[in-house]
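Pasting the structures in now, so scroll down.
Okay, so subunit A shows up in both of these, paired with subunit B first and subunit C after.
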Partner chain A sequence: MINVDKFTELLEEEFEDVQKGTLKPTTNYREIPDFSSMHALIIIAFVDNEFDVLLQGKDLKEAQTFDDLYTIVKNKLA
Partner chain B sequence: MAIFQINNIEVIGIAASVPKATVYTSDYDYITEQERKLFVSGTGIKERRVAHENMCTSDMCFSAAQQLLKDTNINSEDIDILIFVSQSPDYFLPATSILLQDRLGLKKSTIAFDVNLGCSGYVYGLAIIANLLNMVGSNALLLCGDKSTYSTTPTDKSTYPLFGDAGTATLLSKNTKAKPLYFNLQTDGSGWESIIIRGGGTRNRYKEGILDKKIIEPGIERNLCNLELDGVEVFNFSLREVKPNVMELLDFSNIELENIDFVVMHQANRLMNESVRKKLKVDKEKVPYSIEKFGNTSSASIPLTMVTELHETLKNKSNQLLLSGFGVGFSWGSVILTTNNIIVSELLEIE
Partner chain C sequence: MITKNKIAHLNYVSYLLPSNIITNKLLAERYPEYTENQIYKNTRINKRFAVEKGLLSSDFGTQSGEKLFNECPIKKEDIDFLIFCTECPDYNGPATSCIIQHKLGLPTSIGTLDLSFGCSGYTYGLSIAKALIESGVAKNVLFITADIASTFLPANDINLNFLFGDGASASVISKKEIGQSIGNFCFGTDGSGERNLMIRNTAYREPKDEEWITNPENKGLTNGRLEMDGVDIFRFSIDKIPKLTEEILTNNDCKIEEIDLFIFHQASTIILKSLKRKLRIPDDKFFTNLAEVGNTISASIPIAFVDAHKQGKIKPNMKILIAGFGIGYSWSGTIIQTKN
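What follows is the complex of A and B.
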């Protein structure tokens, strides 16, 4: 699996409204400016498409940072 | 498993009716410009049609049905079954289908009843009406639609910009030479709270205070009679369930996906549908969208997409279609059907 930096970078590319290079693995994903459920759907679609892993609502609630999301995906793949 | 085949029934024609009034996402200033842009790029919804206060789902379906009978040259007395699929009836009772039987001038021996389903409603409606038509009569009208905007409020950004209003009519007839219809229908009621109007029924009956708005979270303020939508749960459900449902159906029917001319999905939101399309490995060209122009129109979305996006090919060719509806309930289902130069009425816009 790709590393967390690449994971964050690829996800950032999915967010059309986020300036490139601003998101870090330690960024709280809910602190993206104007965060909405659309961002959550983009995350789910990205993870499903790239890793064939389905994130649940509770996974998103538990995760704070992109690093947390990465760890959840990694654990589901293990 | 509810996978089955229905023989001897064919689709003769299809019509759709929408309100003339158009609402544009770019004018929705309850959210920021950045949110609007992300909403449009994610859901695909640029505009949608909104019925005025006095226009009901039945009015849109009536207009579609009337036009379809005219275009197919079928007399109203030749209709034996009328099914109205909707979650926005005119009244609690009587059933709206019964009002439509009279309004359309159908005979008293008509079987008429309502089916309370949303996103999956067109596929379920086809299954019910085709089965019934096999037992009795010669021609049947399936009317599907919703005035979803009656329950959304501009102060809830999670629902208001998503939904549009539409009504449709599909005419089916008996034909011993018709190719089989293949269905796979499913249900999971554990998702009942994911799309819900909590108030106004008998569980939370209409009483003083029910229309008082509450702030749920920033950008979401609504009352108990407003539509509630948990986008993440619905998205998850769709990614989890639609592909296996379709694959089981293809397996049952012995039809290869590459031999399907078009996959018409319920128009939920573009990101979701595109994710399902990629999972199914279907070419973009085979998956039409009407969501840009009409938003999510509930049970009308599949026939509306057929009317607006596939009219030429449906009118002039034989097409093997795979239709898939999924959402509120959760309820979902797919059908494979073959159309053969069917009548497609021009999209009706009513005031």
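What follows is the complex of A and C.
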């Protein structure tokens, strides 16, 4: 599996309004500018597409940062 | 050859949208915490439509049927079966299809049937129409859909109000080949999704009791309240519909590259975009008109089909994969092939 930096970088590319290099693994994903439910769906779609892992609503609720999201995906793949 | 029993044909398709246009400007006035631009950015929808208050699905469905008879060379007396799909029937009984038979002036000798399958309703209804034709029960099936989301959208659920619009359609399915042949169907059902997309307080399980009357969320609602768990619906869609697509292809002896056009239920931009990406469908083979009508529930596939036709995207000898999915959960689809 890719590392957390690459994970964050690839996910950042999915968000149209986020400038490249803005998001870090330690960023709280809910602090993306104009964060909405749409961003949560984009995260689910990205993880499904890249890792064939279908995140649940509770996974998103539990995670704070991109690092947390990465760990959840990694654990599901283990 | 894409079907094993290619004897039912989707000959005519027509649709009807109400005259009230719900623009992003209008929604931004109603929900001042959002700008027009933000509404568009969140939904990629420019406008939706809403019927006049008080119009029932039997009225809307009848109007859609009349429009088809005005536009297409088929007479009311040629129809021997009517299927009506809606999430907002006039009554629990009688069936709204009976009321439409009378309002539309169809022969009293016809059979009728109501369907309640929401966003998978069009493909479900088409499969029943095909079965009625192929079994010899009927020669010409009129299949009407009419969904009036505006009657059950709670004002406090902004996302639902941004997404859904009213729409109706009418199709004629016959043995005689005039239009598209209808292929083999695939289905899926998972009732564990019952509460993830539902119209509450519409029947026996949750009658309109005192709680309903006093709940401020129900202000302005008379026919139940739509509730949707957006995350679960999204997960369901991106999990099941690629699998459904593969099953449809297999069941019709077809490869994905042989499909000329994909018309999925116009659920939401993010769902459509994710399905397109997951199935690696090229832009020119993926039709969407969500931006101009919103999610019209059971009418979305026929509206998209007619719009694709108007835009010159449907040509002779094309294979078009159609798939509906949503409430239930339920999902279904087939391949239709245009004439040579």
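We adopt the following convention: the second predicted complex is superposed on the first by the 78 of 78 C-alpha atoms of A that agree within 3 Å, B and C clash if a C-alpha of one lies under 4 Å from a C-alpha of the other, contacts with A are read in each partner's own complex, and residues count from 1 in each chain.
One rule holds in what follows: a residue touches a chain if its C-beta (ideal position, glycine included) is under 8 Å from a C-beta of that chain, and two chains touch if they have at least 3 such contacts.
Worth saying up front: this structure is predicted, and the values here are computed from it rather than measured.
Peer 1: In the superposed model built on subunit A, check whether subunit B and subunit C fit or clash.
Peer 2: After superposition on subunit A, subunit B vs subunit C: clash.
Peer 1: Touch test for A:Ile2: subunit B only (first), subunit C only (second), both, or neither?
Peer 2: Neither partner.
Peer 1: Tell me which partner A:Val53 touches in the superposition: subunit B (first), subunit C (second), both or neither.
Peer 2: A:Val53 sits against neither subunit B nor subunit C.
Peer 1: Quick one: classify A:Ser37 as touching subunit B (first), subunit C (second), both or neither.
Peer 2: After superposing on A, A:Ser37 lies in contact with both subunit B and subunit C.
Peer 1: Which subunit A residues come up in both lists, the one for subunit B and the one for subunit C?
Peer 2: In subunit A, residues 17, 34, 36-38, 40-42, 44-45, 48-49, 54-57, 60 are touched by subunit B and also by subunit C.
Peer 1: Give every residue of subunit C touching subunit A within the complex, in rising order.
Peer 2: Contact set of subunit C toward subunit A: 38, 41-42, 159, 229-232, 234-235, 238-239, 270, 273-274, 277-278.
Peer 1: Any idea which subunit A residues touch subunit B in the complex?
Peer 2: For this pair, the touching residues of subunit A are 15-17, 33-34, 36-42, 44-45, 48-49, 54-57, 60.
Peer 1: Can you name the residues of subunit A that touch subunit C in the complex?
Peer 2: Per the stated touch rule, the residues are 17, 34, 36-38, 40-42, 44-45, 48-49, 54-57, 60.
Peer 1: State the interface residues of subunit B toward subunit A in the complex, per the touch definition above.
Peer 2: Within the complex, subunit B touches subunit A at residues 31-32, 34-35, 37-39, 41-43, 157-158, 219, 230-233, 235-236, 239-240, 269, 271-272, 274-275, 278-279.
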